[in-house]
Structure formats: C-alpha cells, structure tokens
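You will see two complexes here that share subunit A, one where it goes with subunit B and one where it goes with subunit C.
Right, the complex of A and B next:
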C-alpha cells in the first residue's frame, strides 16, 4: 500500500487538479448567490441571503418546483413498477422476441432529446392536446423507463429463481414467494432505479421545453430566467438544488456509486 | 402453457404501452415531416419538399457540419481529460476514489441548466477567469469567451466529463494487475507498459465514453443556448427555433429526422472504428 501511495504521484496530482476545476463553477455559483447587490460578481460584494428570501416572492419558481417534483416522483414510481413487471417476464420466462422486447424498452435512450421533444410536440399539437401536465407526464415516463429497466433488470438477474422455487416447495403460493423472497433482495435495485429516474426527470430540459404550454418545469424556468433577466434569484434557487444534491450524495454516496453502472 | 403466455403478456403490457406511446410520437413526426408546410393534420399530403429544402441549402448543412465539428474536438478533449481523471482514480486508494466519485456523481445529479449557468458565471466578461488573468497581468483586456464558440466548447467539455470518466474507470478496473507486472518483469519501461498494455486494454471503456459523449454533445441544446447566446447555435437550437419561434413544424420535423439519422450514422461509424481498434486485443 505504501508503495502505491508514492507511485504515480504526478498523474494523481493532475487528476486531482482536473477534478477541482469541475468544482470551481459550483463554488462560484454559490458565492454569487450570496451577493447583497444585484450585480452577479464573485467573490460576492457583501454577504446576504436576500436572494434566497426573494425566492418566496417568485411564485413562478414555486409553481415550477411543484410541477417538477410531481413529475419526478410520479414518473419514478411508474417506471420502477413497469420495469419490475417487465424484468420478471424477462428473467423468469423464456419467450420468442425476448431480445427485441429488451431493445425496445431501452430504445428511448438512443434518440436525442431534441428529437424526442419534437416528436411529442408535433403529435400532441396535431391531436389538439395542449395540456402541459398530461404531455410532460407521458414524456417523463418515456425518458425515465430505460434507466429503471437497466437497473431493475440487473437486480432481478442477480436473484436466482431457485430460492422462489424452494419457498414454493415449502408450500408458499407463487405470489407470496415472489413478495417475501425476491422483492426484499431486489429492494436496493428498485431504490437505485427510482433515484436515477427521479434525477433524469428532475433535470430534463431539452425535451420538456417543447411542451411548456400552460405550465413550466424548474429547469425551463431557470433557463428562461437566466436568458431574460439579470437578477441573482436564479443563482439562489440553483444553489439550493446543488446543496440538496450534495447533501444527498454525502449520505448515500456508497449506495449510489455501487448501483451507478450496474447493468450499464 | 396457455396460462404462461398470458402471464408474460400481462407483465409486458405496461412497458409496451409506454414504448408504444414513444414509437407513435416518433412515427407521427416522421410522417409529418413529409407533409407540405402549413398542414396541421398529421397524415395529410405527401411531399419531399422539407427534406429537399434542408439538404439543398448550404446554410442548413452548416448547422450539421458545425455541430459535428465542434463536438468532434470537444469529445477528443473530454476523452483526454476524462482519461486523466479516471487513471488518477485507478491509481489512488479507495478513499480518494470515493471522494472523486462523489464529486462526479454530484455533477451528474445536478441539472445541466444549473451547471451550464455556473460555467456562464465563470467565463463571463467579469467572470473569475478574466479577473484572474487580468490580475496576473497575463492579459490586458478581458477575453471574449461567453457568446463565442470557445465558450460553448468549454461548457461542452466540462458538462460531459463525468460521462467519460465512469466507463473508462470501469474498464481500467477490469485489467488484472498481473498483466502489468508480467510486462514489467519482462523489462518493459513504465511508458511502454502504459501504452501497449494498460491503455490498449482500457480502450473498450474509452469507446463507450466517446460514443455517449459524442452523441450528447452533437445534439446538446442548453450549452450552446446559454453560452453561445445565439452566436454559436448548434443543430438542436436550430430545430427548436424553427419549431417554437417560426412555428414551421413540418420543416423542423424534417430537420429532427435528419438529426436522428445523422446521430445513428455517427454511433454506427464510431462503433465500427473502435471495433477495428480493439480487434487484435480480443483475438
């Protein structure tokens, strides 16, 4: 171990410096949000939390946050449940077209977001559906599904069917065996899938921006605010989101890192 | 037997419903791209005009070529930086790996809009890059980075680095340490070991990272939108502006279909290229 510590020091220093470069923008963002004036400068001139307080006056942001959270939680739940059903079929049964089904379930991943958004826009507009909630709910289920399928399927593949069969031979019904034996074992996979779906939905911008007819999502509201106004309130909102992510990763880092690329 | 088929069908039904929605949306967009301009009912009329208009004009091609060019060199820079970070992580202890990993996952979990906004504050006229360089007397006047292609390139690279690091790190970790020790014991210099053994064996990870990042950068909207400010639009900005500012849905649909085909070609050619590069490893 001590040999390893002195080896490759130069390379490790370069890597560390590059990682730090990635952190700088985030630090600047939080610094700017603490400015006491309207100027967006770093280091901040005079510290204050007035832009955070100002968030309460921005009903647009509050409204957008509510819709974004609703979409993220809803699409994560739907995608995890749908992936669970599909994964049971894919791992427990042999059937014709197995690989085709898997490819189709993952297919939204390979289509660029701007093309997905365009497809939803022209189709829904053609049908006369200009309801942002319904449109975004459909869109977010589509874009989160591949992520949950990958994670849940890989969790299911790790649980041998023999355990369920053993439970059944001891008299459990197939349904009871599934819920008491398999579900507890894949629970971490389900949670990880839900987290990735939540994040994917929460941060989606490029496809969602085509569908914000009567309501808007948080990323779209932030983008519009950055483009059209010169007011650090958007930095305060962005800093809050960053802090929430940092807090979450500080607690669940090991768990997230472990599941990050399972099945990927 | 009959029961089993029914059960499989029932289990696949919810997923099939969601994918059916997706495919229907894509199919109707493709159909709509063949409609004459001004038609609002999908399925009415048939013409190649939208494609002809796009493909016969150098002005429209320039969006495709511009996007291909900028994402080509940005992917290369991202690969070099991403590889350096992954290699440093691979050569560090578990604690450092966990901390570096946490920083990268925080990046991935923070919305692109927010990360791009943060980069905007960094490279602006009064951003800290200009302030530092002015303060150190390296430059006399603030550099124009924001609203130029350079600014967009900086943003694209910074935003896509996490996508590059994780696949490369995964393939580095797959290399057995014995291989390196064997080549060292046969007298290879550290430099030679790195290029002929370590780097070659990590190529599949590089390939995966390059494909993901190239596709992501080629069709990115937020970075050129915020950091280019209309002066460095890429193909995704073009499609959005045609649809949402000019309301030319049929033409925008054709541009989207062309973009989809282009990204398909890019992925297939990259896969073929890396297949050739790594063939001798697997043989």
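Right, the complex of A and C next:
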C-alpha cells in the first residue's frame, strides 16, 4: 500500500511540476507588465497599468497588430478555401499524381520554418519583391495550408459520396448538392481548420522574421523591442495577447465547440 | 412509370471489363432483381441507369436516349446501400428535400410527406434526425425520400443487406407491398438469392459482367439456363453423361460412372453428345438399399452424413465414381446406411448439350 501511495504522490509531484513550468512564465510575464517602474522585475515593484497605456503611444505595435490580424484572417480564409477545393479533388477523383499532390500540400509541415523563410527570402529578393505585405501573405498561406488541408481532408473523407448522389437523384445540381448537403457535414471541420490556420499565422515568428522589410508582424515586433529596449511595454503587449487567447478559448468552448461536437 | 431498355451496355475500368455487353428490357411497373455474386457488375449497371457512371451502348428510358441527361434531370429514385440520409435534416426534411427543390407550395409538400409517412409507417418520427432512428426506420425514410419525387423508376442497391434477418424478412414483404401499391418500375440489386426470388417479378442473373438468364423466380429455379445459374440459385447436383439414344422426349444417357438413366428434353439431342444435367436436392428420394426403385432413375450409395435442419435434413450420399450427392429429405436415415437414390426423368434439367 505504502509503495502505491508513494507512487501516487510521485505522480502528483511530477504533474504539479509540469503545470508550474507551464504557468509560471506566464504569471511572471503578467507580473512584470504591471511594474510601476522601468525595470523588468518580478515580483513587480508597485502596481500600475502605465505600460499598457504606453502601448497606445507605440504606433509600431498597433501597426504590427493590424498587419498580423489581417494576415491571420486572410491566410485562414484562403487556406480553408484552397483546402476545400483540394479535398474535393483528392476525395472525389482518382487521378495521376494524386499522392504527389497530397504530399506537396502537406510538405511545409515537414520542412523546417527557417528553411521555408530563407527560401521565400531568396526567391522574393530574386524577383525584386521587397513588399512585406505581399511576401508575408504568400508565406502565411503556405505555412497554414498543411494544417487546414489535414483537417478539411479528414472531414471530407468522412462524408460518403452517396449523400451528394442521393441529393442529385432527387433533383439537385452537383453544385447545389455540394453546398446543401456536403458543406453542412464538414462545416465543423472548416471552422476548426480556420481556427488552426488563424493561430498558426498569428504566432508565426521563425519564417516571418525573414520577410519584415517595410512592415513587421506582432511576434517579430515584440522580439525586436525586447532586444532594443528594456522597459516592460513588450510584456504588457504579450499579456494582452494571453488575455485575448484566454477569452477566445472561453467563448469558443461556450458557443462553438458545443455545436461542433453535439452532432445535431 | 417507365419502360427501360439497355442495349449492349459496356463499361471498363482500365483493362478490367466490368460489363461485357448487357442488354435488358424492363417493362412498366415491373419489379426486377439483378442477382449475382459480388463483383459481377450489378452495382455498375445500377449506377449507369442512375446516371453516375459512364458507359458505351444505348440506354433508353421511356423511349428517350438518356446518355446526355445528368442524374439530377433523370427523375429516378435511388435507395443506397448505406441509405445516404442527410444527417443534418430531420426525417421530414429528408423526405421533402426533392419536393423543396421542385419549389412546390409548402402545404403540398406537407401533404405529400405526410402521405409517405403513413405509407411507410413512420408516423411520429417526422421530427427525428437520422442518427436517432433504427436501421429499419432509416431504410423506410430512404424509400420514402426516393418515392416523394414521384420518380419514373426506383433503384435499390442491396436495400436489405444492412438489416438483421428478422427485420429483413419483414421488410421484404413490405417492400413488395409498397411496390405494388405505388406501381413503380423497380430494379433492385442483390447478392442474396432468397431476397431476389421472394421479391421480384423477374430475376436477372449476372456473373462476370454478363447476363446469364432472365426469367420469373420459378423459371430461374426450375429451369436454370446453365451450370452457373443452377449452382448459384439454390443447390444443385451436377452430372456428366453421354447420350445413347433419343426416344420422343425421352433421352437415354449413360453417366460417366456407368449407370444408365433417362431424362426429358424438348429439343432433340444427337446420340453420343456429352451433356451436363442437374437435379435439385429436394427432388431426390432416398430408399432402402435393394428396394425396387419407385422412380425412373436410381443410383446406389452410402450415407456420408446427415445434418438435421428442423423441417428437413440435409444428407450427403456417396455413390459410384466418387460422387457426393446432396439430398434434402424429411425421412430419417443414419450415417453409414446403404441406400438407393431415385428421381424422375422430369426432375432433371439439361444445362449444356450438343443440340442438333
């Protein structure tokens, strides 16, 4: 009995330690952002929200946030749409190069991000394109695509061909059958893929840092600011992002996940 | 209600020929079954009629060549093997789908759906989603949905294969009644011979992409056209023999094991032609060894084994020439007994012969 109990305690200790490792950095981050002084110390010396107020004066961060959101929403939409088309082709038709297409679509998942970023850098530079918006938009679509393809493809393979065929036999055109019958079945997959893509794009740093010529993204901006300044403004921004993520997950669980998995 | 004509329909996937020239004619209001082992091309045939598969040859429905008519304009109801109910729509929504596509007034849709719910005994299930229905109920919904559009014909792909035995038998009776009530030309595909014989007005036996025989269930069973049909439908004992003499309708022949027998044939057969004939197990009579044979043909043998089936027993009898003969009998007998098998000349079916 005592051995079991010891093991039990051991497991608890390991679990607790893991949770600590996960949570402590975030707690420290938020603590530092609340400092009333200029130093980044924990526990904070005096509480204030001045670094949050300071964010408004830092037009670079606001600008980066706008670009990051645009990239995340845009690449999520494009990736989901492209994945949908690719999934229709891959599940409904058998064609020459079927497996090659699938491998290519998933390949950015395997290639290291540094390599992808470098590849984009030298290619776009070679083409004379030094516009960060265009470059990052392309990059983020490529990076998010494997995630959405995976999710949408698996949703699509779960829908038997016979459903659309039944709709067609009842008088629906192929397009109508697809939108009225198949799309409702895979809608949760489309939503999940889109969220995946949004997050992947939003947090991308490794590959994006190669392409920040005239504009920058939030993760890169935070990294740069940490290197050049040492007041807690960047920690305030990071804390805001944590807050946004927590809110998002709460809302998602409350409203979306319930419908996604209830099957009604 | 449609007249369906298929002429020399062919289909190949790569080098594999799935249908090798199928010709068929279905009369209006006919209930036909395509029966064959899996991979015989029967489902391909159904998909071609529905418009979901390419083919060469001619397919006419009500005299109109439908080669260029896409599935959504053929007005053919299909019940798929997996029923293919729309999971996000209720029973009512599923049945009414085709009617909504036709932009019928709401009240008319409600009436038609209501009538079908009555016909298929689905009252009280209108608001349910397919996942909350039993297998039998799902199938009824699929049939109701296909009938709702008042189709020219109804296609059923292995409609009963997903149901358990008891439910299957119930649905057989119901399917037959519904088809008679609605009076719709119906083609259903099955690998289950009992289902085909029980349900259909006419049975189309297929194998390896060709039709072997078309006929009423009784014809198919009593007068199989060839050895494949004889073996595939029910059970058969096949014999090889050589004709020795033709006397009116009577054919005298010698079995490969030496015994002389007599058979019936409407067509004359040349002496010395080899023939294959079959005798159904339930047509054979088992008598005590040495008893003077009560029927025209007799073979001596020894009982190999007896399997008691309740209403009857299945018996294997070993005879000369290493032959093992299947017999179905309600008389009791014991393994190891010496017996005499006998049968009448009109209980044999000649399956292949050198006809003159």
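Keep this in mind: the second predicted complex is superposed on the first by the 238 of 264 C-alpha atoms of A that agree within 3 Å, B and C clash if a C-alpha of one lies under 4 Å from a C-alpha of the other, contacts with A are read in each partner's own complex, and residues count from 1 in each chain.
The definition used in the following text is that contacts are C-beta pairs under 8 Å (C-beta built on N, C-alpha and C of every residue); 3 or more make two chains touch, one makes a residue touch a chain.
Bear in mind that the values here come from a model prediction, so they are computed numbers and not experimental data.
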Which of subunit B and subunit C A:104 touches, first, second, both or neither: first
First, second, both or neither for A:73, with subunit B first and subunit C second: neither
Touched partner set for A:42, first subunit B, second subunit C, both or neither: first
Subunit B versus subunit C as contact partner of A:129, first or second or both or neither: neither
First, second, both or neither for A:118, with subunit B first and subunit C second: first
Most subunit A residues touched (candidates subunit B, subunit C): B
Which superposed partner A:240 touches (first subunit B, second subunit C, both, neither): neither
Partner chain(s) touched by A:55 [first = subunit B, second = subunit C, both, neither]: neither
Parts of subunit C lying in touch with subunit A, wherever the complex brings them together: 50, 52, 70-78, 80-82, 84-88, 97-98, 101-102, 129, 131, 145-146, 148-149
Subunit A - residues contacting subunit B, complex: 1, 4-5, 7-8, 11-12, 14-16, 18-19, 21-26, 28-29, 32, 40-42, 81-83, 85-86, 88-89, 93, 95, 101, 104-105, 107-108, 110-126, 138, 141-142, 145, 149, 199, 202-203, 205-206, 209-210, 218-219, 222-223, 226-227, 234-235, 238, 241-242, 245-246, 248-250, 253-254, 256-257, 260-261
Subunit A-facing residues of subunit B, complex: 4-5, 7-8, 11-16, 18-19, 21-26, 28-29, 32, 40-42, 81, 84-85, 87-89, 91-93, 96, 98, 100-115, 117-122, 126-128, 158, 161, 166-167, 170, 215, 218-222, 225-226, 235-236, 239-240, 243-244, 249, 252-253, 256-257, 259-260, 263-264, 267
Touching residues on subunit A, where the partner in the complex is subunit C: 160, 162-163, 165-174, 176-177, 181, 184-185, 263-264
